[in-house]
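Listed after this line are the structures, all set down as structure tokens.
Here come two complexes built around subunit A, the first alongside subunit B, the second alongside subunit C.
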Partner chain A sequence: MRNILRKSMMNVSPLALASAVMVGTVGASPVLANDQLVELAKDPANWVMTGRDYNAQNYSEMDEINKENVKELRPAWSFSTGVLNGHEGTPLVVGDKMFVHTPFPNIVYALDLKDPGTILWQNKPQQNPTARTVACCDVVNRGLAYWPGDDENGPLIFRTQLDGHIAALDAETGETVWMMENSDIKVGSTLTIAPYVIKDMVLVGSSGAELGVRGYVTAYDVKTGEKRWRAFATGPDEELKLAEDFNEPNPHYGQFNLGTETWEGDAWKIGGGTNWGWYAYDPEEDLFYYGSGNPAPWNETMRPGDNKWTMAIWGREAETGEAKFAYQKTPHDEWDYAGVNVMMLSEQEDKEGNMRKLLTHPDRNGIVYTLDRTNGDLISADKMDDTVNWVKEVQLDTGLPVRDPEFGTRMDHQARDICPSAMGYHNQGHDSYDPERKLFMLGINHICMDWEPFMLPYRAGQFFVGATLNMYPGPKGDRENGLGLGQIKAYNAITGEMAWEKMERFSVWGGTMSTAGGVTFYGTLDGFIKARDSDTGDLLWKFKLPSGVIGHPMTYQHDGRQYVAIMYGVGGWPGVGLVFDLNDPTAGLGSVGAFRRMKEFTQMGGGLMVFSLDGEGPYSDPNVGEYVSGEDA
Partner chain B sequence: MYATISRLGFGGAVMLCALGSATAQEADAPVDDDQTLRICASTKDAPYSTEDGTGFENRIAEVLADETGMKLDLVMIDNDAIYLFRDGIEKDLCDVLVGVDAGDERLLTSEPYYRSGYAFISRQDRNFEGDKWQDVDQEGFETFSYRYHTPAETILKYSGRYEYNLVYQASLTNFEDRRNQYTQVPADLVVSEVAAGNADMAIIFAPDAGRYVRDSNEPLKMTLITNEIERSDGMIIPLQYSQSVGVTEDKPELLEKIDQALISGKDRIQAILDEENIPTLPLDS
Partner chain C sequence: MKPFLLGVIASLSLALPAFAYDGTNCKAPGNCWEPKPDYPEKVEGSEYDPQHDPAEISKQGESLAVMDNRNEWRVWHMKETGEFEYDVTKIPGYEEGGTPPSE
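Now for the complex of A and B:
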């Protein structure tokens, strides 16, 4: 493992580091990052992590922009990142600075919110260009993490790189403080996930399941990059880091030895289960939550068994990495329903009127799961659309999905109209939760597929097993014209009801943001940012961006004014046809066919648009940022 | 001897239609009559078949045409050879594939004309000994090059060597995304990796490797594996295969001509196999 540290760091003995950790946990005085991040997030002016706060609610208490005046939103300023691939995620705002990330080559920009025409610093890493060919689905990146610093160290920005590195940048200067190799590009492992700061650790996932990567999550010391712990998704219990009481409240989920026993032979060693989605954290429980992805290899006939613990919702203790619970949503996945989707935390009364700490997860398989996040109890599992058909229901007592064999993907079976398709009804979008309305605002794919398996024999005992995938709009879309591929819905996790739902021309790929102003914002693949009434779903405002959106909106306040910002830049899996100029409808596992009409609406781009009421902002005073002789050093 | 090469690629098929209808006598147009031997071959199946028609099966195709007295129409398909049946025979672009396993159920197959097997290839200076598939599990032999979708994968899995080696193997295709895609390592690379010392051993069907072993500057040792694999479910995976000419089920009379040609052209074909440095086994073994 390669390790680039500043020279001064090299002299720290392991003993000294270990004792520093001890002090951090046992000692009374140090203010840990999560306390500071919680405090920073309490100020609605900031947006300190990808999901705004540890609850990952993407919700802002600001109401300066509200359903009455949202139609007066106008661009205040904009910024081009200089990169044309798909832009996922959202920028961060801390105080006077905004931090903007890009897809490969993974540049980070710091902008001065007083005068965003000034780039405070930019950091562009040297990367192995091989990374581009290894990444499966465009060269996206989902965002940055911020560590507020302590008495000795200044604040840091963390960035993942497609070539598998995690870097710590000085938030003031942009200088690279340390860099660690988290995933070896030589083993086909890339990084697209946004890093996540808890205490004085930064958490990083992994990508590249199909190339024999065995998924893991790793915690690094924010100051040194030293690895604190690493927990795998498959394999022996020690490497899964299962707590002694793992799944004790729900033994029917399975407990010990299953990371090896639910695989044939040593197949767990190349079993996938990477995690490239989003994290959430409950500081009181000291548990963080995330989803592990699909098992590998892709073809299910090659890996009999449940393939645990791929496709699972994990609750792990941040300090040790130990898993308190894991719930496998899709045992033995046949569809590529990689369950890395967002985990949104809320506190709500359950049906019996008991206040519960909840975790809600709209899974790629078309089910929205809500668990008690203290122990993993399954509280509800509802279809996010009634057209989901691979599963008849999820039994709440066993946690098991009851499959409909008609929509399975066995070798001897041609399946028509499997919903959702391999892209899932919900992919990487970061959705939001409105605690006033108790509604989860879900951006949804409405795409189904035909699955035609084939086996091609060749000489000398060789054969190739594959499938032809054709994807098209779900039953509620316009199949004849290839449109109606998305939905936006407001979901109540306690009643299971949808407060409202609207169809979209394309998938709502990037996710949503909701606000106390009663407005839900999101971007569309065809390049609009839209605002809907959070109570009714009525469309209140939209603006045409330069390119389609696959990231999620954010909001911040500066100088007393509320802004809404969103990154544009079409790409990612839905955009592979556009990005790589593909025409075969079955290419990109069928994405090219499903999104064949997107090029009629948008083309590649890459940047950020920032809106405010009437477009008021730093340049309302035209003298801001003007050239004055002798003042630019 | 007459030989024409039709090219059926992406745009090739369009060209073909245009030419075919305009001038029936044009040499490029495949003609389906009993005087034309329509053989499908891949543009990317070295050493069997190559775009320039110098693969050893391309040369055997010429022998077959010559011995049957038919005019050869070598229909070049711009895709991996695994697609030849689907994209050539099933679409009625051709009637014959030069190399298929004897008894391939999709086709009528000729009497086998040679038999060979999977082989270990290592540098001579490594002094590798062994001709059972289990012999792959030896100290000092850690890294293996092979071709995907072959019994070589089964050998490595059953030896407990597969997972460790997977990363190296994926590097041979530059980590190309394999989700639902046919991905293959070129045969010459499998061999040259051993010569270069990057792989300790190659496991490969010997006809894939013969000419590259012959041409290697670094002396290499090629050993045919002599046993077969019994899978945990009891199924037998043979490691030796007899090769036949495959003929479309629609033309049993053509199969008779091919069988005759294989007899009359036996020595010429054997000369090609020998030149190719393919180790062969007795046909009745």
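Now for the complex of A and C:
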């Protein structure tokens, strides 16, 4: 492996390194990266991070494409990534460049938006292929991060690799500037998360809870790769990096020593709580937010206790990594409701008319939580769908879910018809918030399950799940025919009501993007990009893509024209049966049975489709990109 | 008939406690788990003891320490020379588990 990796380092730019090191040792630039990222994100032409801006709203103020003319969208250009498997996440656009990522082998492409038929650079790491065997749910990757550079350093692109590395690439040339080890595939730890830039740090999570990996988030110096801090989800308080006033505003959530006391013995060392979802950041509070995932193993009988702090919404200081608050949504998880989902930030008046800084999180357990993001106060906790049955309600005063014991799981018992399934009513999709309508546009799974645990010992690097699952459509779907596995809904976090909701054939796995044009876009597993009226949910337009979608749409502007882009490439957890040609309905941790009909609608592929009104774009002038003798040298 | 009914009632009364855990009976703030009736408070020594091998459990922590150490050498070398070298065995002075010289 080292020989292979050495090869990948041969392209490192000495000049880039020298300048990076110089600044790294001399001191930080007075202009912090997040100031520049905030400014770049203010320009709707750009899409500088996975959620468009630090609020992670996936919302664009552009309205050239709107509900009146969206039906005139046509393909403007497309790009094949050359990779099959599931394509999660979305590309980035900064100025004239688009940066496209792929699943394993995690290639990064830079495209010239003036002539996207020209690949400006590509960086393909040589990875240990063994990484594929320890990835739980296809070999996905959720995207890239951009650091805009400073007075002395050029901009960087950050990429996570399935084999556990975090790499910094020169955004102008694609050369690898540095690459550090973050996760070890020998113990089952991989990386699928999109990195996240705050100030002059890049944050990286961890994957592998299905192999008993103890989760952590790490901050690295963007210029040198030096570790700034690391915070775990389980274990002693100093390793959790709890602030002295941790959870002081909400002591009923629990405070100190619970990362060990809510586990038996050393079980916290193999207890999961990885974070492979999305981050959001409030520069004013200097707090970033994310969710820790499921405890390991899935078999609850093997791990007595509340298993803190898996399944928690975290608010941490970016500078130090210290946690100011954590709220555990599903104590002692019994269903794999891994709580890593998107955190969308908004400012809204609460029911009493007080303007508050909010964090809204559609969790896998079927509850949409809204917290005051300055202190962690729980403001609302509403069921995404009235068919959620593991919990009767969430008590807002205590924060506790009132479980319905009928749908609990335990050894020597097969629990039936639990809603949602382990895939959750919401999974990794990056949803959107429309601030004009005060609506969260939620892509939802509608899947339930039967669950039977079994015992197994922990072996580092091997799967550590301990449950057999059967999944099928929820009560509003068509169980006989295996369809009706998804929904899309518009949710008001203050009233708790859905402005509208629609059923889908399969899960809306990838998430949504909404715009000031009054349109909400999303992709479907059966291979459509769709546009709905944000006010009514009416279907306004759709286009059949070459393969199913598990990523989220984005929009950008170039040369004064608005484009909508989406990656296609079916796969991920819902696609494992199709991707790996599996037929046992319990395979793929139960997804094979749930999505058995998908192969009738789509097949593997991998790429990007870009749309504009009437398909106008860089190649409307047919001379753009033409070969001219002597000019391509 | 009576014995049958009694049997049903008995089995129900045995089954019902297993349905009792609703997560709201807390020992302390943030510590609300209870064993389901007929299931052990601690699994060690019970029929549900997974009997984990302590050597296996320690592997993750050991792996992280080794990776962090290699990364420290890479960062040190980059700061010293301005060049990034992934292969730590090519870094002059590298010794596995050793600390890079102070800057």
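The rule is short, and it goes like this: the second predicted complex is superposed on the first by the 585 of 633 C-alpha atoms of A that agree within 3 Å, B and C clash if a C-alpha of one lies under 4 Å from a C-alpha of the other, contacts with A are read in each partner's own complex, and residues count from 1 in each chain.
In this text, a residue touches a chain if its C-beta (ideal position, glycine included) is under 8 Å from a C-beta of that chain, and two chains touch if they have at least 3 such contacts.
The structure displayed is predicted, hence computed values, not measured ones.
Q: Name the contact category of A:Glu406: first (subunit B only), second (subunit C only), both, or neither.
A: Touch status of A:Glu406: second partner only.
Q: For A:Asn128 in the superposed arrangement: first (subunit B), second (subunit C), both or neither?
A: The answer is neither, since A:Asn128 touches no partner chain.
Q: Is A:Pro251 touching anything from subunit B or subunit C once the two structures are fitted on A? First, second, both or neither.
A: The second partner, subunit C, only.
Q: Report the partner of subunit A that touches more of its residues: subunit B or subunit C.
A: C
Q: According to the stated criteria, A:Asp306 is in contact with first (subunit B), second (subunit C), both, or neither; which is it?
A: Once the two structures are laid over each other on A, A:Asp306 reaches subunit C alone.
Q: Pick one for A:Leu456: touches subunit B only (first), subunit C only (second), both, or neither.
A: Both partners, subunit B and subunit C.
Q: Quick one: is A:Gly265 in contact with subunit B, with subunit C, with both, or with neither? Answer first, second, both or neither.
A: The answer is both, since A:Gly265 touches subunit B and subunit C.
Q: Could you tell me which stretches of subunit A are touched by subunit B in one complex and by subunit C in the other?
A: 186-187, 212, 265-266, 269-270, 456-460
Q: Give the list of subunit A residues in touch with subunit C in this complex.
A: My answer: residues 2, 5-6, 8-9, 12, 14, 17-18, 20-22, 24-25, 176-182, 184, 186-187, 189, 212-214, 224-227, 251-255, 258, 261-262, 264-266, 269-270, 301-308, 328, 331-332, 392, 395, 398, 400-406, 408, 410-411, 413, 455-460.
Q: In the complex formed with subunit A, which residues of subunit C make contact?
A: On the subunit C side, the touching residues are 18-24, 26, 28-33, 35-36, 39-44, 48, 50-54, 56-61, 63-64, 67-68, 70-71, 74-75, 78-79, 82-87, 89.
Q: Which subunit B residues qualify as touching subunit A in the complex?
A: Going through subunit B, the ones touching subunit A are 81-83, 85-86, 99-101, 104, 106, 118, 147, 149-151, 157, 160, 162-163, 166-167, 170-171, 174-182, 205, 237-239, 241, 243.
Q: In their complex, what parts of subunit A are in touch with subunit B?
A: Residue list for subunit A touching subunit B: 130, 133-134, 136, 185-188, 210-212, 265-267, 269-270, 297-299, 336, 456-464, 466-467, 469, 589.
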